[in-house]
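Beneath this line is the structure, given in structure tokens, with notes to follow.
Chain IDs A, B, C, D, E, F and G follow the sequence of writing; residue 1 opens each chain.
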Amino acid sequence: MLKPLHDNVVLKKEKVEQVTKSGIIVTGDVQEEPDYATVVAVGEGKYVDGKLVPLTVKVNDKVVYKKYSTTTVKFDEEEYLVISEKDILAIVE
Amino acid sequence: MLKPLHDNVVLKKEKVEQVTKSGIIVTGDVQEEPDYATVVAVGEGKYVDGKLVPLTVKVNDKVVYKKYSTTTVKFDEEEYLVISEKDILAIVE
Amino acid sequence: MLKPLHDNVVLKKEKVEQVTKSGIIVTGDVQEEPDYATVVAVGEGKYVDGKLVPLTVKVNDKVVYKKYSTTTVKFDEEEYLVISEKDILAIVE
Amino acid sequence: MLKPLHDNVVLKKEKVEQVTKSGIIVTGDVQEEPDYATVVAVGEGKYVDGKLVPLTVKVNDKVVYKKYSTTTVKFDEEEYLVISEKDILAIVE
Amino acid sequence: MLKPLHDNVVLKKEKVEQVTKSGIIVTGDVQEEPDYATVVAVGEGKYVDGKLVPLTVKVNDKVVYKKYSTTTVKFDEEEYLVISEKDILAIVE
Amino acid sequence: MLKPLHDNVVLKKEKVEQVTKSGIIVTGDVQEEPDYATVVAVGEGKYVDGKLVPLTVKVNDKVVYKKYSTTTVKFDEEEYLVISEKDILAIVE
Amino acid sequence: MLKPLHDNVVLKKEKVEQVTKSGIIVTGDVQEEPDYATVVAVGEGKYVDGKLVPLTVKVNDKVVYKKYSTTTVKFDEEEYLVISEKDILAIVE
């Protein structure tokens, strides 16, 4: 298992197909790769002025994040992304 | 639905045509793409010195924003932009 | 109307011709485009240490600003510039 | 022995082969070089507001780190990486 | 007149010829353009920790400044430079 | 003698040959130039919040440092490196 | 005379030839231009937390400085360098 440090978050990319109404549309084009992923692990938070501030996202949240802000890690035959929570933009509800 | 984190804002681009007097003129040229969009969701704000400062823009505000400061997200057959409020320049009234 | 957020200012470019003595000389050359504009709207200011600091420039001020620090916005058949007040260099009196 | 200063950490790269289920899969491709390494020494920490904050990672932790954030050092016929702890993203458990 | 904002300073470039002993030598070469100018107007200063700190340079000071840190403004048939005082390096006495 | 200012440190590069077991292996290849050097002088430290914080490294320490963070100085027929202590990564013991 | 502002320092480059034992060796090669210079004037210091901190270097100190951190100024038939004290690395004693 990957246990993120500080304010890092481990994500697993969604493998979604074209879906309609209340689903997510993803084109197969490389340049339009979706910025959706599911949170699989969160760090313990960040110390701000000597106080631990826990993260906002939780495991299983679907999130939108900034492209090019992730580090790709292969683990147990799966590919994960590690990202700082500040580069997570929104939760998909 | 996209629920923005922190000081992020979700925008939906206006599909406006050429309009006159008290409307908005938009040329169809790609290089002059309008910087107008409508706020569809706002984050809960940003902690400054341990105090949550809510955002200034509200849902349904028409806003002008900095180009190249957005992340494009497709959701439910629609395209949205996510942007930090600091890159929103003005409200169109 | 464009209502600037925070410390942003909305400017309207002067369309000045060659003028002499106590006027402003502007060459028609694109590379020497004037850095003069008139303030048409100002933001409510910026919070510094929890206190709102209002802007220094006022509506109708003619100002000199840093090139390449503006976002161009078309509104109501007119073109405006939005700029942070920190990039306004001087007032023309 | 390499004794890291401040918040630096000395890592030794894993020489792992393709492993399955609860192991780590590493392709032999240079561009997909694994970002796994084992902590072999940690600095004494970083002074924040005059207080020494010890590091989070410990010797023998397997860690994932940001590529291109390391300095390679040869010592005693072995190759080590030195990295600031802020560029260590997660612990592999 | 140009009234600089904040910590900005308006300069007028010296048109000096080759002068000897206690004068200033300027080669006519474009790449060796002099970094001398005369202060013609100064901003009211900068707020540091809520206190207005006035500028150090005064009108009529001859100053040396960092190249490429100025904005050129034409006004009343003359060319001026606007610069932040932090980019003024020395006063010529 | 070179007396470093503030948090700077003067280093002298090791001219080590290939050594085995508990020595240091250095290839003669330019691209693999060793990042080892011996401290020959240290600055008096850095003022943090008005208090002088002395440096951690001492004269005669063998250190590993970030490449490209040094300034080379020739003095008394010898070549030295000057570096800020923050770019020294580890002490070789 | 050049009177440096704030934490700036005026330097005059040494025109040293090849010297041996307790002298300074300088090759004539442009790429190995010496980083030695003599301090000819110092600024009054820098305000840190509202307190004026005077500079460490004094007139007549021989100093080593970071290349590419200087502004060259011609004055009275001589060439000087202006540099911020933070880019002066060491005093040659």
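Just so we're on the same page, a residue touches a chain if its C-beta (ideal position, glycine included) is under 8 Å from a C-beta of that chain, and two chains touch if they have at least 3 such contacts.
These numbers were taken from a predicted model, which means no experiment stands behind them.
A.B. asks: State the superposition rotation angle between the two copies chain B and chain E, fitting on C-alpha atoms only and giving a multiple of 5 degrees from 0 to 180.
C.D. replies: 105
A.B. asks: Over half of the interface residue numbers used by both chain B and chain C, so same, or under half, so different?
C.D. replies: Mostly different residues form this interface, as fewer than half of the numbers used are common to both chains.
A.B. asks: Chain B to chain F: how many Å between their CA centres?
C.D. replies: Averaging C-alpha atoms per chain gives centres 51 Å apart.
A.B. asks: Distance from the CA centroid of chain F to that of chain G, rounded to the nearest Å?
C.D. replies: Whole-Å distance between the two chain centres: 22.
A.B. asks: Taking the mean of the C-alpha atoms as each chain's centre, how many Å separate chain A from chain C?
C.D. replies: Centre separation, chain A to chain C: 40 Å.
A.B. asks: What are the residues of chain B that contact at least two other chains?
C.D. replies: Chain B, residues with two or more chain partners: not present.
A.B. asks: Quick one: label the inter-chain contact graph as line, ring, star, complete or other.
C.D. replies: Per interface graph, the chains form a ring.
A.B. asks: Beginning with chain D and moving on to chain F, name the chains as they sit around the ring.
C.D. replies: Starting from chain D with chain F next, the chains run D, F, G, E, C, B, A.
A.B. asks: If you look only at chain E, which of its residues touch chain C in the complex?
C.D. replies: Contacts found on chain E: 1-6, 8, 10, 41, 43, 47, 50, 71, 73-77, 82.
A.B. asks: So in the complex, which bits of chain F are touching chain D?
C.D. replies: 20-27, 32, 34-36, 48-49, 53, 56-57, 64, 66-67, 85-86, 88-93
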